Structures are given as structure tokens and as C-alpha cells.
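Chain naming follows the written order as A, B and C, and within any one chain the residues start at number 1.
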Amino acid sequence: MARGDHLVISSGDAVQPFNYAVGLHGSKFFHELKENRRIVGIKCPACGKVYTPPRRVCGDCFVENKEWLEVGPQGVIDTFTIVRYAFIDPETGKQKPVPYGYGFIRFDGADTRFQHFVELNEARPIKIGARVEPVFAEERKGTIRDILYFRILD
Amino acid sequence: MAKKRVAVVGTGQTMHKSHRPDVNGQELIHEAVKTALADAELTINDIDAIVIGNMDHFEGINYVDCWSVDGSGGWMKPIIKLTTGGTTGSTLAIGGYHMVASGLFEKVLIIGWEKNSESDTTGAITTAFDPIWDRLVFAGAIAGLAAEGMAYMTEFGITDKDAARVSVRDRKHACNNPYAQLRQEVTLEEVLASPMLSDPIHLLDVCPRTDGACAVIMASEDVAQKICPTPAWVWGTANRHTYTYVGDLNLGEIDSMKYAAAELWKKTGITEPRKQIDVIELYQPYSFAGIIWIEAMGIIPRGKGAEYIWSGATDMGGELPINPSGGVIACNPIGATGLIRCAEACTQIMGKGGARQVPDVNLAVSTGFGGCFWTDILLYGKQKPDF
Amino acid sequence: MENIAIIGIGMIPIKANYKTHNFADMAWETVNAALADAGISIKDVDNVITTSNDFWDGRTISCMAVGDASGVREKNCSCVEGDGTFGAFYGMARILSGSYGTTLVTGHTKGSESISSLITNAAFDPIYERALGPDMISGCAMQARAYMEKHGLTSRQTALVSVKNHGNAKHNPYAQLPMDISVDDVLASEMIADPLRKLDCSPVSDGCCAIILANEEKAKKLCKKPVWVKGAAFTSDAYFLGDRDLADPRSLVAAAKKAYAMAGITDPTKQIDIAEVYDAFSYQELMWLEGLGICEPGQAASLLEKGDFAVNGKLPVNASGGLLSGHPVIAAGLYRIAECVRQLRGEAGAVQKDGAKTAVAQGLNGVAGQSHCVWVLGADK
């Protein structure tokens, strides 16, 4: 049989929409972000690690995090990459615009890293150790997109 | 029932390609199963249970254990699905080990498969990450790996040329492996001149996406040597899913490998892995991992990986060949990839490696990588373990 | 088989929607409930199996969400995709292999976050079936029709399962739908897929359940009231519905036969005191009881009418209220095991079966019960 005889069936535009629960801790984070342009983290009562994004459990200590702290809004790039390849964004079903700066940002006062877009700017090149601050959206809805991207300060 | 020792008695792989429109998923699975049964000289009636896995969203099929039975042979048999992302294949090998070692089943068929051509791989991997926090910016496996490579480069001052040396090695090794998808040698210059995908990763630093399946048959010590005169004995397994959030990682090291390997060496009495182990099939999805992860494994001290690679020690003919098969950079049907590492490591023990055979293999290691920088690791020996 | 015990169970109440909880939040509460029940700490847990499904969770590598909350950081762990009974089986095998003394097994689902019919449609073959729009309900409706036709059963008879189970749920603090309903209420409820009406179908649910398994040595050391695993087995039938006799649950028969052989059960009708079965639809309880050998094929409906399967009957079935009263898909089979444990410990309150010594729990994967996992549990070793 010739190769051309093999058929392929497409699933078409099939999508499976989801409504993901953010949980108590993420909800507080997004409320603070939306209403007060504040970044918050949560501290483990056992090891003292400050988590941003905040979550209920410290994986190291297996205890419940309780103490809320304000962190940032400035921080430092712990590592990064510049994404240059084309791929389909599962959030939109369309090709993601590239290139973009993808940073692991440690807010001042936090111990874990927050992932977000970092500006690509020839005057202030993206690098490990660079200081950054969030650029907030004017209209905020309580999602990760309430931060547009991080601006490099030095 | 007492604990049983376990050996790999047969392996089978499909001819891996970027697209296999000539077969559907069940038929692809069946190709690997048939080959493994022939290798072990068994029939499907000899199989007591099946462990199968892939990553659901690459093909968009729910309940793959149920869907697969026409290809896997699971009709009126126990069949169970394990899935842990990129580690799926190695997770399956560990699963098969426990099923046989438990004494509940004598002969277990283990199947890993993927038809990556049926969806957008990066899009599907992106949905592996947290919908609230990660998906906006995460760009599949390559970007996450790039962040690791960037952190390590910055700390130790290595360059993309050091990493390219790993890619040159694996792509050369792949030419000896009839099953590999990409069998073409490349030069350092070609790797460095290939398009930058995600800094510092070039196109020729990373794995392709592949359609393929792998099947491995494990049997208990009661029957292993009757089935296969030189089976590959499973000496031990270990794994870690150390982190849940990517932002918590120690990027630039790989904690899961560090802890899992240390546990495995301790359990199996390995004190000098570099000297004692004869060959490693490393789940190495990009070239930098060939440097960073063998340090975490305890093969060489941290920061010395690049120097060790340049010495040629990990090439065919070196003191510790890594990826005689060509590894993941030459072939990556994701749900099968970790199990292919197991099959290839065991092929080395059995002495069936043909052009890719490393001489006198007594101890071999296979690993798996996936999820949130997770690690699975298995050790196999020519001798039955005395513990 | 070497003796294996269940030394702890943890459940959170099954609800229509845990809006306030993400998967990790649910897992954290459930795992801590199981640890507290066993009277141990996470340090006593040697390894962890989480059970989840990437389609239901809307996330590839769904297990990633619950790692921290399940205490996996420094432990060996793995993830089963399928019903929790299958996860528990692998958890048990990891103890029997001699590798670990204890295994924590969890299962979670939030049906509330997705459109169930799209999720179960993806269980059908993409080449031959999916475009026709089948889902779990229409697939099972076909099975219901075949089963009822074969044995001459009426919708009035199958409705009685729903009446019994929603009634039982009134005594279960974890149940989602405790209800006083009549057979006429079931027959008056909306027709979903002939012959299944709304009250013949289990609801869409959120839930999480955990159990802790241990070898005999650890069970004796850690636990005052272990419940013992007497037997466990699983088997899959053919995939395409057209390849199967939908009215004959032969893979369940095969799994039960094997589990009973391990447990030394020769006469399940007499030797089993209670059953928690996978009643995703009312007819399924009857069909599965027959598959489990608790009665002859076609006889379950009349025994139900006689009252044999009621809380005060000969062999109470789904005294917890079953899935009809709450169906968090992947966790559902683990809830069945946990409910059996409550009975065997004598902690089932108003629905306690006096002197219950032996229980059977069932979980399944796939459409219309393709693949079944059967557990036989005992109060005594």
C-alpha cells in the first residue's frame, strides 16, 4: 500500500474547557495583586522559607504555611531563557508570539522563584542577577496577567 | 510470599520515526509487544500482567490502559496504567519490577509508547504545568531546560560549545543503533550554527519528537533463566519527585538525581559508581544535561562534568560509555523514552547490542527524567544480586 | 500472600464543588486525616502512590499538583492513572516486593472543573467512535438496556438501588447526596439516555481519599485496629463495546475469582458480610453483585426487593450510599475501600453491620466496566 493511502483523522476544533480552583492561598495573592498592586508570600513556620507563589504546604517540612508577608515588588532574575521557537499556546490555540524573555524571578524577601515574562531590551540586557520590577496592568482581573511583564532596572 | 528477585528477559522496540501514519496507536504498541515476545520466545498467553503508560494529552486518549488492549494483549488480563510525565517509561520499568518482585505475577509485560506526531508536543507539555501560575509563560520542556542550562553555565563558566560536545557524542553513537530516529553525525560547528531555540539551547542540542513504542518483559527468578540464558537482573530502583513547583527548583543542579542516585548506590553497595558501572543509558533530553546530571549522579564532582566529557571517557571505547544507543537526542517517543533506556541498558548486559555493544558489561544504569525535574534510576547486573 | 494491612484511612466529604480548594488543598486535608487515623506521622510513610487522571484534572502529569501535599519530597513515589483501587494495588505490590514497609495511597478528582461528557467522550476510540458523540452515560445506557433485556428487568427494579443508596447516605457524613426518595421519584426524573434517568445516574463530584497500607510487622507496631487485605486482583475485558457482551461482566467475574482464591473464599454469598460496589448507575450495582458472585446472574434485583442488600439485610451493599450519593471518579474506589474499613472496624455508626468480618470493595476503569479491581478485606488476619 502506498504511503498516501494512510488516512489521518483530525479532532478538529475540539476543546475541553476547565474551571480551575485557585485555592485559598492563590486567591489571596490575586486579590492583593488586583486591588493593591501588592505581592504577597507565605512563610513556613518550621524552616522559615518564604514561598511566592504562596501555597498551603511546605514540601520540605510537610507543615501548613500560615504567616503572610509582603514581598517585592522588586526582585532579581535567578535564571532565564529567551524563547525563540514557535509553538501552539494551549491557552489560546494559536501560535505564541516569540521571542519572549522567560524569567525565574526571586522577589525581595522571598525564597522561591516566580515565573513571568521579562522585557527584551537592548539597552538593559536580560541576565542572571539583574534587578527587575513588575509592570502592572491598568485593568486588573485577578489573574497572572495582572502583571504584564517584568522591567529590568539595571 | 517472599520477595522475588527480578530480571529483564526480553525487549522490543518499534522502528522509531518522526511520523508513523502507517499504524494507529494500538498497532504501534503491538509492534513493540510482538518484538519483545519474540525476543523472549514467549507468547502473550505466558504474560501474567501488563503495565502500560504514555502521556494522555499527546494523543488525546483517556483511559489508555483500556483503549490499548487490542495492541497490548491486555484482553482478559490485569492491565494497569502508570503515568509520571517524561519519567513515564522509567516509572513503568520500576512498576514492572515491583509487580514481579511482589510474587503476585511471574511474568510482566511493560509497555511505553507515544505518537508525538498526533499533537503539538510543546503545547501538550505546557499543560503539564500549573494552570494558575505557570502556563502563561512556560513553553514546554525546552524552555525549562534552557533555564537550567543558563543557571549552570553562569555558575561554572562553561559554554554552549561544551554542551555541543555531548550532542556530537550521542549523534555519533546513534549511527550504530538501527532503532534510532536520527542517525546522522554532526560536528561541533554544526551544533553551534543550528538555530537558537531558547538561549542557550540550539536546535541540535535537543531531542526530536518521535512516534515509537517499547516493550520489556520482566520475570521472577523462578523462571528468568529458563526464558533467557543471560537475563539482566534488576539490582535496584530509586526515584524522587522532589519538587511540585518549577520555581522551587535548585536550577543548575538536579536534586532529584542527587538523592535518587545516592539512595540507589547505597542500597546496591556501589561505592565508586564511575569505576564500577560499565555503561549508562541517561535520559538526556538536551546536551547540557549530559554534563550537569552525571555530576548529580555522583560520577564526577560538581563543576567537572565538561572536562570529563571532553576527555572522551563517555564515548564508545571510553572508561564509561554513555548512551551507546544515541540516547534521547536521537529518539524521543516520550512515554517510551525512559523504557527504551531500560531496554538499551539491559541489551548491553545481555550482550545483544550489535554495533552499539560495549564490551564486558556487568553493571548498567538507566535513568528517566520528567515532570518537575524528577528522576527515576535503575541498576542492572549480569549477576543475580546477592541481597 | 504475605499479610498486608490497611492501617489508616482519610476521606474528605464528597461535594458537588470544592471551589475553595485546589487539588493540593484537598490532598493535604485527606493525607493528614489518614495519618491521624493511623496515629502516625509522615516520617512513618516509606513511599507514596498518588492516583489521578490527566483528562479529569485538565493537566498533563496531573500527579504533579499533589506531590508536596502528599509528602513525597524525600520519598520514592509513583502515580497510577485510573481508579484508586488500582493505585492501592500497586501500593500493595511495592510492600510485597520487600522494598517498603508502608505505602500511602491517595486518589483525587474534581469533576466540577470540567464538562464530564467531553472527558468521557475521550475514552472512546478517536478513529471509529468519538465523532458519534458517545460518553460514559450513553455507553452505560447501552449496557443497562442489554442487561435489563437479558434478565427481563424493569426500570422500577433498578430504581430501587437509587432509593436504597440515597437513603443510606443520610447516615454518611461524607456523602454528597443524602435523599429520601421513592421509586416513583426516580421514574419521574428526567430521562438522560434511555433507560437511564437522572436519579439512576451518579452525580458529578469532587473528592479525595487516602489509605495507608503496611506489612504485618509495621501494622503490628503502628496500629491497634488493622484491617487485613485478604485478596486483590484486577482484569480488563475487550475495549470496543461491540467486542463485548455488555450484559456479561466477565472481567469482573475473573478478577473476583482470583481475589476470592487468594482470600480462601469459596462461597461469597455466605462468606462476605458487606459489599461496597461501583454503582455509577443504578443498574450497575445489580450487575456487579452478580459479577462478584454474590448472587446468580439476573437474581440481584429480586434479592434487593427482598431486602437482602439493605442496611439491616443479609448482605448490606453500599451502606455508605455508594457512588449514586457521590462520585469523585478516580477516588471512588478508594472511598469504597475506606468505607469497608469503617465497617470492619465497627465504626460505621447507624449503618454498621453487626459483626462484619469480611468485606468486598470494587473499583473500575473504562466505559461500562471494562476493567475491574476487586479487594477482599478482613477484620481478622
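We take it that contacts are C-beta pairs under 8 Å (C-beta built on N, C-alpha and C of every residue); 3 or more make two chains touch, one makes a residue touch a chain.
Note that this is a predicted model, so its numbers are computed, not measured.
Enquirer: With chain centres defined as mean CA positions, report which chain is farthest from chain B.
Expert: Ranked by distance of C-alpha centres from chain B, the top chain is C.
Enquirer: Between B-C and A-B, which chain pair shares more contacting C-beta pairs?
Expert: Between B-C and A-B, the larger count of C-beta pairs in contact belongs to B-C.
Enquirer: Based only on mean CA positions, could you tell me how far chain A sits from chain C in angstrom?
Expert: 37
Enquirer: Distance-wise, how many Å sit between the C-alpha centres of chain B and chain C, to the nearest whole number?
Expert: Chain B and chain C have C-alpha centres separated by 34 Å.
Enquirer: Give, as an integer number of Å, the spacing between the C-alpha centres of chain B and chain A.
Expert: 29
Enquirer: Considering chain A alone, which of its residues make contact with at least two other chains?
Expert: In chain A, residues 11, 14, 18, 20, 22, 26, 55, 59 touch at least two other chains, as defined above.
Enquirer: On chain C, where are the residues touching two or more other chains?
Expert: 22, 24, 55, 58, 67-69, 72-73, 119, 122, 126-127
Enquirer: Send over the residues of chain B in touch with two or more other chains.
Expert: 60, 124, 127, 131-132, 243-245
Enquirer: Which residues of chain C touch chain A in their complex?
Expert: 18-22, 24-25, 28, 42, 55, 58, 67-69, 71-73, 110, 112-115, 118-119, 122, 126-127, 130
Enquirer: Please name which positions on chain A make contact with chain C in the complex.
Expert: 9, 11, 14, 16-24, 26, 55-60, 62, 64
Enquirer: Any idea which chain A residues touch chain B in the complex?
Expert: Touch residues, chain A against chain B: 3, 6, 8, 11, 14, 18, 20, 22, 26, 51-53, 55, 59, 78-85, 87-91, 96, 100, 102, 104, 112-117, 128, 144-145.
Enquirer: In their shared complex, at which residues does chain C touch chain B?
Expert: Residue list for chain C touching chain B: 1-2, 22, 24, 53-55, 58-61, 63-69, 72-82, 86, 89-90, 92-99, 119-120, 122-123, 125-127, 233-240, 250-251, 254-255, 365-367, 370-371.
Enquirer: So in the complex, which bits of chain B are touching chain C?
Expert: 1-4, 24, 53, 55-57, 59-70, 74-85, 91, 94-95, 97-99, 101-104, 124-125, 127-132, 237-245, 259, 263, 370-372
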